[in-house]
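Heads up, the next two complexes both have chain A, just with different partners, chain B and then chain C.
== the complex of A and B ==
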């Protein structure tokens, strides 16, 4: 019997079991549980991180900046200011006497030195408590420097990572709509929620351009301030990683009347659907034709090699634990394409609709978990006898200690997994880890 | 450029902001210490992000599961105080992990709202006394004060203060069982491989040894047959309780001299004498350590180590020309960097700068990686020695980086890098010489295969 903390029992369900109920989610993590979640600041920081020509200044003691230095594998085709870690490095005296002056000096010096197109100022936990008027400092420096200086209200304790996504979207809204000059095509989109991990945005952008659709802004992936300014004039918002960017898409729908669709770029099926959905929106036969050609060409390139992996991997069992549940949907389907069974699937931040959909696409016997922790996850993995775990850095050692293969699907990875070529990388990585001969030495696997 | 001994102060940090910090926050250091106590689960009293970020950062170095619980502050706890959250957290950790010890580290958040973790923990301990609940070690680690190393040393001291049985014991032999002498070693933040080296050395001198913390197994463990809630290994509660009965405490780290440390506590409350020495790196640095062990045990240095020392001297002769007057940038944690500085001077390397993020009396303190780079950019520099975050400098200057200390996020085996003793120095020396040879070879138009 797996020991689940009392307050968490309804956050785990098994599809098709007689006790199967409705999963609880969206709750704060229990005090004392080792949640894999992070905080509000983390949510804001990861979303805005890839905007490469902006200054990102973290207002607080050193930890929050130090732990997020170079944390994402988000690439830039030009400036790399986003890869620098700037902190006001608040000390005891600043906490006692206030950090506003230090923030002002830090911002002014950094803007002078690095000449950014905009600056984001992230508030960490103690900033709200010590009463710094961050908005006022940002307004003042913005006026003096002549660039947007945007406060991000990301105090860690004010909710969950999702609230951090919201704060990031609010900050982006300040920039969106400030360029009404640059011409934009009527068959145009914004890519929302792709972070150009290992160059993924470039892969996706290339597909859209080949279809004949103009990409006005990628907002975050290889992001540029000037692109975000004109994003409100695109015809359609295409939202991936819906947890993080739906708030921005919704606000742009209300404010500028831009409709949005949710897509995923992971796996053959979802990648193809994303392109067809966008083509479908424009109802232009030329675009549709080019899309069909593109899908057939790109899928054709990778299917033969995937077949080879499928033969080796068919029947193997997988666990998925990722941040957002939309990615989990794609992974369940991608694994099915490889003939693999998803035995456990969960996310840090899924909502009731997400879990309902997840239940629909999973087989009977699949465990669905919300906001799990290492002890539970390892016990579920042993119970379900999985061959593979898909997760992030924090989950990796859990898998390896148990002699289980692992695929990194988090934002630190350096391999593109999106798009058709990304699907091939994904299959190669799963194959390389599951089929490695090293597991025969691990006591965890020998036991099974 | 002028060559600095490292002790001269070079204040080159003209920016108010930290740019690519050369330090981490104090709860991280405390969490490492708690992971080195047997049966202990660290609990960070703050936002969920504090523990998650620390876990992620530490996992990327040690490549081990690192469970650190969080009291998971909410807006309400920030307003009304986090005591209730902390109590619930301790209950839930106790239920899920059945730990022998819970180490509670505070954060900037809990300290700023005025939560006193020591007082809260005392109340909880009073409630649960007699229930066989875990021992709880509270430590104050506000991230706006000091660095991860301050958190590390504060947690060592808190463990000793909380657990050690006070009272003076007559000094001299016979206090340890079997008449063996016992030594406490407070090594600071060294690698699991270093901790294993220290245990081997003291064992070879016939000494019993309490190392606090000892994460040699917990942060560099074997592959598991079944998932372990708390990895085996660590300094046991009984060992910590008995530290007041040891014959001597050896505390590594010049930065701790004159500070209120665990070693001082053991002297003042239990009468255990202590010696503060630099980290035993290099021949001279290691000699100091071996002489103390020799004196304490009454044994001359075992042949195994005189041979190690001899081979090290022999290799110094083999490699001396490659390193002589090469200009090196040293950076990282204060005490490790100071230890390495002593060693590199011993072999004829010239430190261009010896820098750390901490405020320091001994070296260029309060630095970050961009300031270090600004300082050395006119070089010429030949080599960087420091943690993998110093790759930022190495890449910009196009010179090799010899990875030491923590974190090593861009290579496997950071937990197995040895720095200490003649053996650890040998490994460092070989890596330094080879890094310089490799750079020479790579940059050579000829590409000789003999060097």
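== the complex of A and C ==
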């Protein structure tokens, strides 16, 4: 195997090899590595970002606001306040004398101007150091403006992106449970952990509604403050993307007695099981019947088309490197459905159980990696001679330089990949890239 | 209407930035560092910063952008980042093995007060830096300046750490290109060579952030300024700094440190901007302008004469980085266009304002520094609608809402390609700008013309 940083040796295993051990994960990235990971602020920001009628104010120097300005394709069916970039743009003087007053003024100006339903105030690294009392400012402005003004404790250095998800969930908990008036059906759910990238939440919500299940709130895809406030009255939390929303589901279970199930909306099998699992929860024969009809109708529409792609793609080899490991499970299965082999699979934030499960569903010879870096990943990709990489923005050009096809399964996906229709989009995207004539002109890889 | 909230009435904002027209210093430092051959930029702070900067540069260049991070944790934030940096240096040389590590700070490490100079000295005495390898640093707190000053700081550090005055002056000119595209840097180098002058350019991202497809992933592409060249910059007889904001500081330091005199020029954008650059080269090196360059100039001027009626009186709004804005203002004014307002988030200073007004006239509105953001730019547009705007990708929201044609220029450009490969500097760059402006203006005229006035020949 190729050179791996000494401190990372246990973060890579090959299934079925004699050295196969237990993968180490959840570690902070080694100092000096080209880590693909981000920070606490990033985690909070991506989770809360899709709430479209809330004000998102970033308390810190300009960079944190600039880099997260409208970079996530979370669509809204109505207000689009979330696509603006608001920052206190802290300068040297603020660092010396404190930024609390500036924060107060900024919040007041913004709330007056935009009249949002709620405000989230994100703390960045520097706020944690200079010690602004963000909570106090939020309380004060909240009382004056009469809307929830919620501090998000997202100082970048306080941990990893995962800790940012937790901070976001804490912020959401403040809203949840504040509306006890609006009537809610007893056959109702919250969709947790779908962010409506390229309109995916809309597809999923439509399925549930056709099953006869009321969707009380989507957290946070196409999210609205008022929906989140009544989320605690739903009968079931349906959680996708294990990393980001499990904390909220757990706290709602304890506080409001709402059970939760984990699902994935990606790939035929997982999509169908998600709907059946929800139907099963309500034990209503009508819902079950409608679900069966829906699945057979929607799956029936796409299976013949998928077959066409499968013929071309069967036997091709893929590498997966994504943020959350839950997504990786679905991808392994979906690729298998296309007859493709997963040669490498990894995530930025997987936990031990995730990797255990991943190992179970992968074939022998699959390389499993935690928190990899470009040099390592590219060497693995060359070694395993992959035809496709599934990843995010920083991985894309690496794949292309190597003459390897690419599919974005992160913020920059342009077509919905969730749901039955999404599976078809996924096949089309993979096909378009793997079979592209451009690879005829590129030097490098021997294709099998 | 994504920007439906923007009001016409302009109110002073004291505490708030809405839709920034700048970003923070470290990303500029990272970009500059990529302009050294076989250099790995290193972000001394928490992981998020490095990840954001790499993502931003990756989206802009559509090329792999490599950089490492000190991966600060809560502990490092309390006890200082020395251990993290020393460990980083060790790991980077043993695994990635670059020739140079270029460290920049972040707001976090600045506020903690890490003394990078001292930490690097410690790395040297502890033998963590292999023979022939170099570690340099610059200070780029995010609460000062902007991405442009970050670029300037890293460029200045290259002089600080590398440039040396040898025994004798060499017949070579230093060129500091400023925060421009790799395509622009390549074009400047071509012009210098065409003039028959030996030039030393740094930083130089040509071939690094617009590298060709080779079939392999190469952490350190072939381009970039050689350290040996930056060392010998101390022996050059002249430095030409292109752009005050991004290049002056390094040029001044070469003067004080190595006694290399410098000339601060505007970026060579447009005919007059390029004339000034070519003229400085000609005078300094005592050469004649070759026929080939006169020919290029002639072509650019020819297009202007052919099409000047379409430029006349067109109103323009500009948002971007100060050095580009100055030169563009000059060029657009020379085309008889009317520059209504110029906005940059970079704290560019009163000299910047003077210069813009000198070119475009006293009535041109100039905004810079805190509060000069895209929201302010949009408000100006609502008060006096231009025919054309120049800005980075984020200006496209305004272009769409107000239905104004737009030219993408500056950083970042996330939604088009071309900037990496085709320069806007030099006479050829002027030609390209002319073409793009004409396309925008004439496409609009075609779109809006009533049928009987829809013209074939333009």
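The criterion applied here is as follows: the second predicted complex is superposed on the first by the 444 of 448 C-alpha atoms of A that agree within 3 Å, B and C clash if a C-alpha of one lies under 4 Å from a C-alpha of the other, contacts with A are read in each partner's own complex, and residues count from 1 in each chain.
The definition used in the following text is that a residue touches a chain if its C-beta (ideal position, glycine included) is under 8 Å from a C-beta of that chain, and two chains touch if they have at least 3 such contacts.
Because the structure is a prediction, the values reported are computed rather than measured.
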item: Chain C versus chain B on the shared chain A, clash or fit after superposition; value: clash
item: Touched partner set for A:394, first chain B, second chain C, both or neither; value: both
item: Partner chain in contact with A:342 - chain B first, chain C second, else both or neither; value: neither
item: Touched partner set for A:190, first chain B, second chain C, both or neither; value: neither
item: Chain B versus chain C as contact partner of A:80, first or second or both or neither; value: second
item: Partner chain in contact with A:325 - chain B first, chain C second, else both or neither; value: neither
item: Doubly contacted residues of chain A, that is, touched by chain B and again by chain C; value: 3, 5, 28-42, 60-69, 84-92, 94-95, 102, 105-106, 109-110, 113, 124-126, 128-130, 156-160, 374-375, 378, 382, 393-394, 396-398, 400-403, 442-444
item: Chain B - residues contacting chain A, complex; value: 14-21, 23-25, 27-28, 43, 46-57, 59-60, 63-75, 77-78, 85-86, 88-93, 95-97, 107-109, 112-113, 142-145, 147, 221, 223-229, 357, 370, 389
item: Of all residues in chain C, those that touch chain A in their complex; value: 2-3, 5, 13-20, 22-24, 26-27, 42, 45-56, 58-59, 62-74, 76-77, 84-85, 87-92, 94-96, 106-108, 111-112, 141-144, 146, 211, 213-219, 345, 370, 394
item: In the complex, chain A residues that touch chain B; value: 3, 5, 28-42, 57, 60-69, 84-92, 94-95, 102, 105-106, 109-110, 113, 124-126, 128-130, 156-160, 374-375, 378-379, 382, 393-394, 396-398, 400-403, 441-444, 446-447
item: Footprint of chain C on chain A - complex, ascending; value: 3, 5, 7, 28-42, 60-71, 80-81, 83-92, 94-95, 101-106, 109-110, 113-114, 124-126, 128-130, 156-160, 374-375, 378, 382, 393-394, 396-398, 400-403, 442-445
